[in-house]
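Next, two complexes with subunit A in common: one pairs it with subunit B, the other with subunit C.
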Partner chain A sequence: MIFWVHLLNVTGSSSSLSTTAIMPRVLAYPPKYKRVQQAWVENLDTVEEQKLGLIDLHPDVFGAQPRIDIIHENIEWQTKYRQVRYDHTKTRAEVRGGGRKPWPQKGTGRARHGSIRSPLWRGGGLSHGPRSPKTYFYMLPFYTRVHGLISCLSVKLAQDDLHIVNSLEIPTDDPKYIEDLVDSRTWGPSVLLVDEMDIMPRNITAATDSILHYNLMPVYGLNVYSMLKHDTLVLTLAAVNRIEEKLLYQLNRPDICNVVKKYELNQNG
Partner chain B sequence: MAQPVRLTIVKMTSRGLPVRCLEILKLRNALTACFITPVQPARDSSYQGSKLIGPPSLYTDVEISRSPEEWKFVERLLPKTFIPEPTLKSDYPSGWKPPTESSCSHPYFVERNRNHMYPLYLKIQGRGERKTTKLKRIQGDIWALHDDLKKYLEDRSKKYVYLQIQEVSGHINIKGDYVSIVEEWLQDKGF
Partner chain C sequence: MSLCLKSFTLICHSIKNPQLTCVRNRYHAEKIAKGPLLRRYGYKDKILQSGTLPHVDGPPISMPVYRPKNAWCEKRALFGQNDYIDILGNGELHPTRILYNVQSWLRGVQGNEYQILLRKRKVFNKGIVPIARPSKWKDLNKRIKYLYRFLNRKTKTGMSSD
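Now for the complex of A and B:
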């Protein structure tokens, strides 16, 4: 924590950040036959938009085919996998009573019964009712989730809902500053700001704390549901580097068998 | 340095606790600082999952090297975290051909997979009864690719060829085993 405070002081005032030149990005796993995507790097220091530079984005991460079926699968999974149902009913064995045969098998003229708590009876147990707790946990295959993230990032860039900023430093901690900024740049009603680390600068944290539709997120929390829930996605340069590094590694790693094996439906090989 | 190590081992054995390999690994640094001891390297990551250690006579002697020049003999055996680019040659004995610039001249494109091979697979189902050739990673105008490929396959095989297009995922399924013929077509196109 002490180290972090020192780092914030060293980076200096906001004016030095806005004049910092944006270095051209070198792409890992350079694409040979795909067109490189490009995006402006903007600033958050002033309410008015200033374009600081133009950077290259890898087409495999930001220019992939938008697989809406995979995006749908991811959202469905994110909604369902953590659901637990707690409703519960008793079976005929659990309902109080019903151990004795109510009347003899033959001779009474009435229907034959073995217990007063069978499902046929009023007040009897439920044979196929809900049994708590019921979990709906399942894991989506690893590469379905990777392609979900890739498709979502590509969709966001293609639909002009992706903005890249140099850093999340803002001059004040007033929530109105962020609201004016978002309004003037016509960013969506809801904004998701993604940085590399989960320790964010003080001002942006204080400003967005009271506004529920502007949310801060570290790179490890990036998910398809949040990206679609928020209209605009704002990534810092550090976050873009980290996201590309991680996703490109997964797309090009040589040992996918080890990764995929865990999520195979038939675990017997 | 040796004294506290010996005491710890004695304490553990005297308490009746079985000495696990993982514990020995933690003490190994202290041990090697004073003398080379034969220890079994702990391969399991959990205490409960580790095997019980036996007498040192059961294990082979291990020399622990601290010189970086010797480490290269182990490092060259470790698997790489990336797939290297193939060395450029005019001809390869395996028959592998790299993608050429003519691949960009078509309205469609078939990308190579991470192992620099064609995304062409043979699916066998129903105990060998049903064979399907699957061509993946198709970008651009998949219908134009379908028309070109169908014509080529029908010319080569002299019979009607059934193809199925899956546009959303960029796949084409061909009924039958046409893997080598499709591979030749891909090579002709320069993919």
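Now for the complex of A and C:
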């Protein structure tokens, strides 16, 4: 197994186009039969776009066959698996009252009844109504979720909705700066900015705080639903490295029997 | 017949008292002008008996004002975050352990009503619920007992109770 060492030399905001600013990436698990994907590394320091360099992206992560059905399965899973319905109706045993026979079986000309809370009666219990917490939980197979992420990233790159940025440092914390930046680069109405760590630079957090459709996310929070909800996906170089590292590890790990097991409750995942 | 008698008595009266003249206080035209006699006072004739009935009595009920949902509120903008934390994180954390909006005993639970009630009883047996909510606890046990008998004696194996 080849572990690659990443060297990033980030220059200041005043640098013009210089291809030596971004070191070329060495891909882990070098692709044998697929063509390497490539993407520009841009900057966020100025409103105008400056291309800092061209980097390679692993085709198994960013150039995979876009499986729309797997993406759909992932979206459905994300929407449903956390859903719990709490609507509840009482049965005839639970409705207050109704223990006594309302009138004798025979003699009165009325229909025969055993309790005033049977489902036939007004105010009676419901025999087949919704019952207590109903969960819709299920887990997708592990590799369906992995391939969901891979397909979505490939789709984003193929449709020009993926942009790689050297870092999320911006000069001001003015929301208008980010708006102008996104408008000038036609980055789409909604932007998802992904960095490696969950602690982001102060300026970008202050600027995007008031704009609800520009959202920040760490790498571990990335998911298919958010990638499709936001039109543009902006990854930092560190985030790209982390995503590739994780997904390639999942695709090539030797102990898949540990992860493809059926989900068991109370086994700490 | 009584009309003849009345006119006859009037004539006799006028003969006896020739200074009297008959005065009418009621005229037929006024009666007609007043309109027909109101019968069945307060009765509302229901012309429309079925189907969708219009709101003719009382204030008109208008359509509610349309309030579009904010698609970019925090909950909706970041929906699905951390669902892939076992893939993109260090592999120790499972997404079920992050379902903070779900009750703790329901996280990662799937099953029909009977299985969920059994789990509920197992979890809440240790706490205050059997003592603080005796009626609810009794209803829970009753329902479990009923579902056991129904599912095991009245249905085939493998049928769900939902």
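The definition used in the following text is that the second predicted complex is superposed on the first by the 239 of 269 C-alpha atoms of A that agree within 3 Å, B and C clash if a C-alpha of one lies under 4 Å from a C-alpha of the other, contacts with A are read in each partner's own complex, and residues count from 1 in each chain.
Heads up, the rule we're going with is that a contact is a pair of C-beta atoms (placed from the backbone, for glycine too) under 8 Å apart; a residue touches a chain by one contact, two chains touch by 3 or more.
Keep in mind that this is a model prediction, so the values were computed, not measured.
Visitor: If subunit A is used to align the two complexes, do subunit B and subunit C fit next to each other or clash?
Guide: Here the two partners, once superposed via subunit A, fit next to each other without clashing.
Visitor: A:Asp255 contacts which: subunit B (first), subunit C (second), both, neither?
Guide: Touch partner of A:Asp255: subunit B, not subunit C.
Visitor: To the nearest 10 degrees, give me the subunit B-subunit A-subunit C angle using C-alpha centres.
Guide: Here the answer is 120 degrees.
Visitor: Give one of first, second, both or neither to describe whether A:Ser184 is in contact with subunit B, with subunit C, with both, or with none.
Guide: Neither partner.
Visitor: Quick one: is A:Gln65 in contact with subunit B, with subunit C, with both, or with neither? Answer first, second, both or neither.
Guide: In the superposition, A:Gln65 contacts subunit B only.
Visitor: Would you check which partner chain A:Ser127 touches, where first means subunit B only, second means subunit C only, and both and neither mean what they say?
Guide: After superposition on chain A, A:Ser127 lies in contact with neither partner.
Visitor: Determine, under the contact definition given at the top, whether A:Thr205 touches first (subunit B), second (subunit C), both, or neither.
Guide: neither
Visitor: Between subunit B and subunit C, which one contacts more residues of subunit A in the superposed model?
Guide: C
Visitor: What is the minimum C-alpha distance, in Å, between subunit B and subunit C after the two complexes are superposed on chain A?
Guide: Comparing every C-alpha of subunit B with every C-alpha of subunit C, the smallest gap is 13 Å.
Visitor: If I apply the document's touch criterion, which positions on subunit A are contacted by subunit B in one structure and by subunit C in the other?
Guide: Subunit A residues touching both partners: none found.
Visitor: Using the touch definition up top, name the residues of subunit B that touch subunit A in the complex.
Guide: 79-83, 99, 103-104, 109, 111, 114-115, 139, 168-170
Visitor: If we count contacts the way the header does, which residues on subunit A are in touch with subunit B in the complex?
Guide: Residues in contact with subunit B: 32-34, 65, 67-69, 249, 251-255.
Visitor: Applying the document's contact rule, which stretches of subunit C touch subunit A when the two form their complex?
Guide: 70, 72-74, 77-89, 91-97, 99, 101-103, 106, 108-111, 113, 116-117, 120, 139, 142-143, 146, 162
Visitor: For subunit A, which residues are in contact with subunit C within the complex?
Guide: Result: residues 78, 81-82, 84, 91, 93-94, 131-138, 142, 145-146, 149, 190, 212-213, 215, 217, 219-226, 229, 242-243, 246-247, 250, 259, 263, 265, 268-269 of subunit A touch subunit C.
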